[in-house]
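Just dropping this structure here.
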Amino acid sequence: MQRFALIGAGFIGAVHAANLALHPDIDFVMVYDVDHARAESIASAHGARATQSPDEVFDRRMIDAVLIASSTDTHADNLRRAADAGIAAFVEKPIDLDLAAAHDVVAYAERAGIPVMVDFNRRFDRDHAELRRIVQSGSVGDVELVLLTSRGPTSPPIEYVKVSGGQLRDQTVHFFDLARWICGADPVEVFVAGSALADPRISRYGDVDTSVATLKMPTGALVQIDSVRRTGYGYDERIEVMGASGLVESRRHAAGNVVRYGGIHAAADGLHAGWFERVRPTYAAALSAFVSTLTEGTPVPVTLDDGLKAQAIADAATASLRSGLVQRIHYPSVDSRDEPQ
Amino acid sequence: MQRFALIGAGFIGAVHAANLALHPDIDFVMVYDVDHARAESIASAHGARATQSPDEVFDRRMIDAVLIASSTDTHADNLRRAADAGIAAFVEKPIDLDLAAAHDVVAYAERAGIPVMVDFNRRFDRDHAELRRIVQSGSVGDVELVLLTSRGPTSPPIEYVKVSGGQLRDQTVHFFDLARWICGADPVEVFVAGSALADPRISRYGDVDTSVATLKMPTGALVQIDSVRRTGYGYDERIEVMGASGLVESRRHAAGNVVRYGGIHAAADGLHAGWFERVRPTYAAALSAFVSTLTEGTPVPVTLDDGLKAQAIADAATASLRSGLVQRIHYPSVDSRDEPQ
Amino acid sequence: MQRFALIGAGFIGAVHAANLALHPDIDFVMVYDVDHARAESIASAHGARATQSPDEVFDRRMIDAVLIASSTDTHADNLRRAADAGIAAFVEKPIDLDLAAAHDVVAYAERAGIPVMVDFNRRFDRDHAELRRIVQSGSVGDVELVLLTSRGPTSPPIEYVKVSGGQLRDQTVHFFDLARWICGADPVEVFVAGSALADPRISRYGDVDTSVATLKMPTGALVQIDSVRRTGYGYDERIEVMGASGLVESRRHAAGNVVRYGGIHAAADGLHAGWFERVRPTYAAALSAFVSTLTEGTPVPVTLDDGLKAQAIADAATASLRSGLVQRIHYPSVDSRDEPQ
Amino acid sequence: MQRFALIGAGFIGAVHAANLALHPDIDFVMVYDVDHARAESIASAHGARATQSPDEVFDRRMIDAVLIASSTDTHADNLRRAADAGIAAFVEKPIDLDLAAAHDVVAYAERAGIPVMVDFNRRFDRDHAELRRIVQSGSVGDVELVLLTSRGPTSPPIEYVKVSGGQLRDQTVHFFDLARWICGADPVEVFVAGSALADPRISRYGDVDTSVATLKMPTGALVQIDSVRRTGYGYDERIEVMGASGLVESRRHAAGNVVRYGGIHAAADGLHAGWFERVRPTYAAALSAFVSTLTEGTPVPVTLDDGLKAQAIADAATASLRSGLVQRIHYPSVDSRDEPQ
């Protein structure tokens, strides 16, 4: 049994708590949150204990692994403490909004040698993983063109926009990671065009809510990513990979399978109203993969290096959006064997 | 070039006329109809000649083949004349509403040795033919269950109902033929339940507009056919064949490929408003197959025996509908090598 | 909190146990099984207690409701004991394989006045429920034709076949219930044809594994149900309802959303390999509905009368299969307000 | 009856010839081609006359309209001659590969006042037109994001690549036109990334075969177009328009409607092997629209100005591909009322 502590009892913290409680190889010991009432509420619902002391969380005698789901600006510090304590960590993205700071803590954690997994949970979507398996099998040939669609139903609150790092760092970063993971390669340059269409106020913060990114891979293969903050039709996520000999798609998910015909029209169930309904199973799957790393020694499925590289792309993309110019992507030089696989 | 005469210049006659005119190996010579103005109209549109003399139609010196699309009660006589003249015939179904009469004229035509094809045009639907190819290839295993759906958009006029022979002989007969053709076997018994729901007046004529037929094949395989005269959603035709190791479907056709998402709903193009839009290409394909028989000596693709057998099933089905009892199907003993293939 | 005891710790018992443990308004107290080790295993996994004494299960001071998931031949006795104790019951179908015996215990339970729900869980499938909502809203018009498809992936063991009551009572009965529930009416007659194709041995027990049922509703509307024990392509369940003005379908579920194109072919995820993956969520939904009955006094969603009526149809269907004749369906006269809604 | 002459008897000329012959309001008089034998072959197949004299083609006493389907470098001259003769013209795109030259001949034709239609035939695709109708109706809200996919099955011969003007001017230009037509607005800037992946030889001519274009509309709406010369899975053309309140798609077309299930897989008909099968009906529809202009005075559906503007976008796109920079699009100032509608 791996003894886990959870840091952060917000919305995503609660999702992780339920998965920690259900996993057969996890002993869900402890919850910490700056808002202690929130920690207590989650702890009591899942048979864990709420603590007011971060020291307990990082006590190696009681805890084997920590799940860091606290606010973004605390990720790096928590990771550093885990490294100091020799405790494994599963950390929500991003490692740190500042790429240089992120790089420092990654180097720190790597020196400490603790297993760390970054929660790029979309890699654990059943359909995305099946698509990647097909691509990697070679059955569509060498990758030539990839299209990714990331469209959420609702604009985030303006308060969130201010601290999010922008659409490309906050939303599109998942798809930068998916592009690397699917292609098994690091893009060399990026161009982004964007607009603030759903909520023009966000342009005051230099942000956009509708954007189109073009990445070029070392082979010349092209990747398009469209990112939208607010659709009028629910949550829409898709991937399409064209290779030299075929195409594979991970299609959008319908919320149901009912269709009605009348006159010359057909009416069917649309998409899930919210993103969580689609993405929900990926959190448990990501956690399971991390537990396999801890218990069976399988490679960390999403490394700190993966986290840094996706951030590096997001930084270059943000620079392109602001400058209107194609940007070469500079990857931080972390000594790492963690090539995308 | 095969010199064709067309008998019958109604709706289906006009369809055949256009196909006769376009076929590269057909010389479309002549049109006859009891309504001469109608014959003239069609003839002039396609560079053929209208005649008022049936003798010209059956003049072997001018005509190689006759396409019989006149009213049902004239099919047998026209077939007999073709046999007398040694002229090939392509005949609309049914051969004769009376099975015994049909049997007589079939025997007559077979003695004369003329090539005759019955227009079970649905065998020439691209999707149905592909489905049958898959079934015959063995890739779904031995056939165990077949579902056929035959649903037209509009109830026929009551005047037509009176002379049509009833839904099972007029509409379902095409699907009795498809069942034989797909399974490569003749059903041994049939049960039918039906109701007059769309137009209760037709029950005065012993007819129904909504019916469900169950056939049993010699192997025990089961066939279900649902037949509907009037849907509220266009023309719906489908086939589904379950074998021991898989399933194959020839799906309904949408009228277009546009879909709209809004809120939690999706709205798409429905089905074709009318049956003809779906079935149109099958007429030219059936005619082409007949021309191949005439010019290359390929086997007649739908024989008189096929026509008789489908009628025998329709007769037994009608008897079941009226009696409420399962009926064994008695096939007329025509000496024939035309086993379903 | 409703205090529940579970009787029966087999496969379905384990499913119920997990749902009992997760439901926020249920206190999962106790498990009983003739195989005590099995009871203990399930109890310990969910924080309940295994008991060797049926008396404890029916002790009104400790238990508010009992979930009867034991073997079919014990359902009636357990229901009788619940009635004696004044304990609510949620009972797996069938009530009793013998319709007269089932009728007796239903009358007994109704006299006792305990709330009893029969687990026709498919009514709680999200898509089926949405289909019924659309039908009941009138937006497809009066029901004229219903098609139900029930196809499992694997033939049951021959030992199970012997005691199952036959395909129609064991498998198709769920769909007899769905037909009543969707149409809001009781069928008046039934005809069934069937064959033993997948496992011919079962014909020794008078059973079939591939069958086609035709039901007639009081309005003349027709219902077709095809039931298959062993497909070669996974679990396939569908409903299609044609009304006077349109059609609504609850379509088969794909196991994934990945499609690959290459050459002139497309390859996609097929169906779920097993029935449980498709049906899983319905058990929790059914249990929730029962809890609403207990806590909020909402009507019992699936009554004993519903259970009896579905069995009556299954009995008539079995008689039709054996006799080859259409059977009128005789419903047991239970004094009941539980008309299908 | 409009008397038409056809110039050019190549592949597309033959397609037009068949449509000219079938149109009820067209008298198909004459065919001219530099290869007279080719002209004669097409003329005789459709009851027209082959001429060796271009003077006859532009003889106003015999001809009302000319369909220009000759090689690209002759379009402008033929258009000029039609203008001189006062004969209406239906011209294949592009008007001239050189935008300035195209501009000159457009001004010339507009001064002459003859009706001229450019054959952007994809506007006449049933599904694309329905998509545009929905967009224009406002039912998906203001356009925010448009995705167009243009993927052909086969790389063109290298000889063709040299004279084609490049992928963006030859292939993508149709989709630049569709983008203007759907949005009812002219894009202001364009960025293109591209690679020569299928046939690296074409990079010697400065061309690519896989490209991704991003356009920005005056409102900030974004348009993505991916263009591929050689897929491994047939012809793939799609449009997707996201507005503020919904999404509408014109989906790819399958070549058939057959699907097979076996094990955990489904296999279906893929896409059309070639582009022509998909696009075929649009040529006749475009011609019909032009005939309506000639006979009923309806507005020219695709004007010379539309042709020029699409070329202007293609020119800017080509400049972006070569420079790696975003390009503003400069539209030629033709005095015109022909705003995109």
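Going in written order, the chains are labelled A, B, C and D, and every chain counts its residues from 1.
Heads up, the rule we're going with is that contacts are C-beta pairs under 8 Å (C-beta built on N, C-alpha and C of every residue); 3 or more make two chains touch, one makes a residue touch a chain.
Source: prediction; values computed, not measured.
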Original post:
Quick check: more C-beta contact pairs in A-B or B-C?
Top reply: B-C
Subject >> Of all other chains, the one whose Cα centre sits farthest from chain D >> reply: C
**OP:** Could you give the separation in Å between the centres of chain B and chain C, each centre being the mean of its C-alpha atoms?
**Re:** 42
**OP:** Go ahead and note the Å separation of the Cα centroids belonging to chain A and chain B.
**Re:** 58
Subject >> Contacts with two or more other chains, residues of chain B listed in rising order >> reply: 140, 232-233, 236, 245-247, 261-263, 269
Subject >> chain C residues touching chain D - in the complex, by the definition given at the top >> reply: 232-234, 236, 254-255, 261-271, 273
Subject >> chain B-touching residues of chain C, taken from the complex the two chains share >> reply: 140-142, 144-145, 147, 151, 191, 193-198, 210-212, 214, 216, 219-222, 224, 226, 228, 231-233, 236, 242-247, 324-326
Subject >> chain D partner contacts - residues on chain B that touch it in the complex >> reply: 126-127, 130-131, 134, 139-140, 245-253, 256-263, 269
